[in-house]
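Structures given as structure tokens follow.
One chain, chain A, appears in both complexes that follow, with chain B as partner in the first and chain C in the second.
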Partner chain A sequence: MNTPQVSTEQALKPLALKRKPHQLHSATLRWWLLGPALLLIGATVIYPMVSSFITSFRDWRLINSPDPGPFVGVQNYARAFTDRGFLNSLRVSGLYTLISVGLTLFLGLGMALLLSKPTKLNTFTRALLIFPFAVTPVLKGFSWKFMLNPEYGVYAQMVGALIPSLKGYLWLGHDFSALFVIALSEVWGWSPLFALMFIGALGSIPPETTEAAKMDGATGLQIFWKITLPLLAPVIYIVALLKTISAFKMFDQVTIMTGGGPGDSTQTLYYHVYQLAFRNLDLGYASAVSYLLVALMAAIAFFYVRTLLSPKER
Partner chain B sequence: MLNARLQRQLGQGAEVIATLLVIFFVMFPLVWIGLASLKNPVDVYSTRVFFQATLDNYSAIFGPRIRLQSNIFISALVAFLTVAITVPVGAAAAYVLSRHRFRGRESLSLLILITQFVPAVVVAIPYFVLFRSLGMIDTPIALVIVYLSFTLPYAIWMLRGFFDALPVEVEEASFIDGCNELQTLRYVTVPLVMPGILVSAVFAFISAWNEFFFALILTRSNTVTLPISIMNITGVRGPQWEQLSAAGMVVMIPILVMSLFIRKYFVEGITVGAVK
Partner chain C sequence: MKKSGQYSWQKWGLAATLALSVTAGVVGMTGVTAQGTVTTYGLKAGKPYNGTKLRFLICCLGAGQFAQLSKLTGEGSEFQQLTGISAQWEDSPYGGLQEKILIEATTGTTYDAVAWVDAWGEAFKQYMLPLNDRIKADNINLKDYPSAYLQAASDKDGNIVGMPFRGHPLVMFYRKDVFKELKLQVPKTWQELIRTAGTIQQKKPGMTGVSMMYGAVSGQNLFNWTSMLWGNGGDILDANNRPIFNNARGVKATQTYIDVLRKYKVTSPASTTYGEPESSTEILQGRAAMWVGWWWYWARFSDPKATAADVLGNVGFAPAPGWAGADKAPKTYALVWPAGIFKNSKNPDAAWEFIKYISNTEVQKKVASNRSDLSVADNTIVTFSGMRDAKVNAANAGIPAVGAEVLKTARTLPRVKTWAEIQGVLEVGINQMSNGADVKVTLDRMAKDVDEVQKRAGYYK
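Moving on, here comes the complex of A and B:
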């Protein structure tokens, strides 16, 4: 009874597949669907990029004139490399990135290992992990500033109770601790998210692998270094790049928590360019500095995109 | 024997304590802001956990001095407009990039991926000059335009992942049944990627709602969005923490609710396909 049905299907098959679905796609429709997106990306990304690039070769101070000034060659770029403000912001952003990426990875990994077993408490805790990330960055800044106030901040008092020498410490009043606290507000947002990603990756490690290692007498620490960590390495690499890109864009909490101070110790690259462009209104120089930022981003993004698009990972 | 059992129990105890510490780390700032929003101006300058709760701060932020409702309106308007443009335009482009075969498809996708890394300052400088000369500083439209520079590439890349995950056979069947491409798109493809469309809408909404950098540059007094208005809640003694906290709750709650809705896709959404 089955034979005729199979043959009918087989008879129909070549008919159906004569034209692949993408050959039925209309080229006219393609450009109607793609057009608006290309137009908007062209207007909102490509146009300003080209315009900034041109401005970066001009001497254009908005205080003097609303019209673009004369071209000055690479003078703006040359100026950046002798400008202490820029070099300082490069150092601040570098240090900030190191602290925030390092801490986020460390805490994220720790939380993931702790919560990987599917107990009731762990499942509940995992559900909470999505909350901090979505919190408005301005609020992240305010809440940590509030909680670390030396007089009435709840975290400041907790730390003071644990380590008496830090009682009344001005967290935002010292160079390194101010940068560290800004990083903390961001680590609070990102590390739970990292934990969720790592938990996902840990789930794809076959339990037999670790079981076998345990049978062979490996300690927990050995299993972590020799099995878990190498298997997580690709995920760690990609999320670290993602966080690095975001760390170089740090702006919101700097504005809210320190305004770049004390001194210029928390002037990140973004904050510095903001000052140049919208406080000093020195558009030519600010454009040049922002293009140096583009170059930096492009270098990091190159590794990110390469990993993302490599067929091995997919 | 007893030793081993004791050791195991101690280990389990330590794990539970560590987990409770994680819960504390993740939730405490949110809880503390929630408590501060219910405190009176005296209690907020203490670390008291028990206090006489009051709703005064909430009536104050909606009162005549702060009028947060007008900022809520502006923020919601800007976010809705951004989503209303981002999602249909992004979905249409993502469909083509996922399904059509044409020359330059891969380089186009790559270009869109790369635009996500363009620093906002590069976009801000020319648009600041342009909006200034057009008299568009301090208008909602100006904000929507610059917000599209990051929501659109992001949405396209995210939605492309959702289209890619949908098997082509579904559309094949629809073609065999005699539907043309537009009909297939409307009745088959779009309904099937609806979860992806909703997720990208939520992400676009959240990023517009939270945005601070462009808003700081492009608003003055008429289109003050929520993040900017929060910054302005200060009194003679500096920030008024109790009112600031109440405003913070108002800003945060819609976003926390939305992220709960798309919980399943949250991680994927942020990494846009980076972690599989």
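Moving on, here comes the complex of A and C:
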């Protein structure tokens, strides 16, 4: 039986012809599928962002008019740098970020090191770790406020029993302690999540590396400092970045636990922006401060990414 | 046959029981038995707005008066039977109500009517319908309302834009049993109150003399401060809306306010974080002997479920204290919730019928004297004739009549559109002073901040 001789090119031609309309169809389909999501993002993210950016250059106070006021150039941005409220909230947010990021990393890493060995108890404990993170910030705020009440709060009573000089101490009534316990309420939720991330990262460190170090006579502390910590660095950077951004966005617990007080000592940036926009109804200035916050976040993210990625990867 | 007759009787019996249960349920829900007529409430006859469904923007339906009134005006209510109109009360959270009202007033068309706390009103009164003509046409007697309430419900041109339908004078609550045991007189001035509180703390260890609130929570630390400030002849703003609370009278009143906590130590140290709920709980739970607060708490103090056993039946009340040596009657802080109609409302006439009903003295009397369900009992009433009504006073141990006396001279917060921002400055400053900041220095700084707020808003240059 003689079979007709055809070249590979000829053989593939009908297939290619068949695929072309299919490819076109796929591209159209792709846009159809993406369209609703893009529209939604455009309407709920892009449009408000552009609109608020334009508003940040206007004098628009809702108490004067429902319509946007005149353009005032960079006046709103300049005002922020002489506004004691803004400068105070910047300081408060900075301090809060330092406390909450530092403590979360420290406790998260500590828990991860304790729970990294795959025992039955550790596996069970790891499963429990996700629960604090699942608690909503508002609930965290109410619970902690209740638990820190000097008269009937369980935490306040426990601390008072352990350290008699702190019996009846007003945790939410003093500048630093109020900020510190707000940070603690957040650390309580985040450090178990970080522990889970670190446990995963610890599992990816080849055991041969640590075993070789042990055979060379390295102590546990030396192994931690010289091997474990450097190998965990990329994960630490990523979680620290996430936590830093989250810390600058602190709002819920401040509202619930202190209302920004005592005085204005726990007025974080987000809380301050909220007050400007929804209490003072100063939309132009509130938009400008929001964009200053965005710029700050972008700078932090840029710094982290530069530090995280090697020059070659960059 | 006999059997069938027996079933018939059983059916009738069951039907009667069900009908009685439903009636009892409805009565129990509203607690109201007497049915009024359109004439009783000054409503339009003939149901000209039959079928209209109103949306009423408000908060806090947990408040007894609101809970009762919402049932009296909702689906199947007395109000609907009389007018054909039903009102849906939108229970917005208190914390976000002010913003929601402003957004609705400027751009919305969702709601017909709204109620607000008087001090918020200046920012959106221009978007509310003036009610003067309607009030005149319906012969509503405005003299029956405290002047402070009417002023707070009017715009800068004197147009009434809201009818007062919930309002509070400040009264002093005290433990009758403690006062009797220690043979104490009820204090009439803040200075006497401080001395009395000191005596109580000395003789009743474990009990604080007076419960206060210094926390920066929704302006609640201004309640007693303004009473002291006004009592001493001071003020927050002058006639040109410039801050004057840092003058000599202001400093003296503020120093006294802070001294209650820091010098005389006759209140809980935790009051630096307290708002109204925490400070009222101190007396509700028997930890404090006195508290100066809104009169509606009386309903709570007389509710066995809300009050400690040794406190129940032992709480007395008197007008809020004045200032020692003041030549005039005490001017204490009064708060009012006016109810008005948005200019954007599609049903302004039906909304007016609704507002007339909820602010009507007969309706208010019915609500204030209803103590069939203590969880929604509320002594609040806005007209003088209602406050002096024998039945209302009998149901509430006479506190409405005391409120009427206080309201003769009480006043409300300044009516400036910048009030929310000013309140923010004041509440933070007061909280800082309660935590040890110098009174004069802090008041001067606060005045400077308020001055900037007023200049920015264009009140002066």
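Everything below uses one rule, namely that the second predicted complex is superposed on the first by the 275 of 314 C-alpha atoms of A that agree within 3 Å, B and C clash if a C-alpha of one lies under 4 Å from a C-alpha of the other, contacts with A are read in each partner's own complex, and residues count from 1 in each chain.
In the analysis below, contacts are C-beta pairs under 8 Å (C-beta built on N, C-alpha and C of every residue); 3 or more make two chains touch, one makes a residue touch a chain.
Nothing here was measured: the structure is a model prediction, and the numbers come from that model.
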{"item": "Which superposed partner A:66 touches (first chain B, second chain C, both, neither)", "value": "both"}
{"item": "Which of chain B and chain C A:137 touches, first, second, both or neither", "value": "first"}
{"item": "First (chain B), second (chain C), both or neither touched by A:174", "value": "second"}
{"item": "Which of chain B and chain C A:278 touches, first, second, both or neither", "value": "both"}
{"item": "Which superposed partner A:102 touches (first chain B, second chain C, both, neither)", "value": "neither"}
{"item": "Which superposed partner A:94 touches (first chain B, second chain C, both, neither)", "value": "neither"}
{"item": "Winner by number of chain A residues touched, once chain B and chain C are compared", "value": "B"}
{"item": "First (chain B), second (chain C), both or neither touched by A:160", "value": "neither"}
{"item": "Partner chain in contact with A:151 - chain B first, chain C second, else both or neither", "value": "both"}
{"item": "Where chain A meets both chain C and chain B, residue numbers", "value": "62, 66, 151, 278"}
{"item": "Complex contact set, residues of chain A against chain B", "value": "16, 21-22, 24-27, 29-30, 33-34, 36-38, 40-41, 43-45, 47-49, 51-52, 55, 62, 66, 111, 114-115, 121-122, 125, 127-140, 142-144, 146-147, 151-154, 157, 188, 192-193, 196-197, 200-201, 235, 238-239, 242, 245, 249, 251-252, 255-256, 270, 273-274, 277-278, 283, 286-287, 290-291, 293-294, 297-298, 300-301, 304-305, 308-309, 313-314"}
{"item": "Residues of chain B defined as touching chain A within the complex", "value": "15-16, 18-19, 22-23, 25-27, 29-30, 32-33, 36, 44-47, 85, 89-90, 92-93, 95-97, 99-102, 110, 112-115, 117-129, 132-133, 145-146, 148-149, 152-153, 156, 168, 171-172, 175-176, 180-182, 206, 209-210, 212-213, 216-217, 226-227, 230-231, 239, 241, 244-245, 248, 251-252, 255-256, 258-260, 263, 266-267, 270-271, 273-276"}
{"item": "Chain C - residues contacting chain A, complex", "value": "96, 98-99, 102, 106-107, 122-123, 215-218, 269-270, 272-273, 417-418, 420-421, 424, 428-429, 431-432, 435, 437, 449, 457-458"}
{"item": "Complex contact set, residues of chain A against chain C", "value": "61-64, 66, 84, 149-151, 168, 170, 172-175, 258-264, 275, 278-282"}
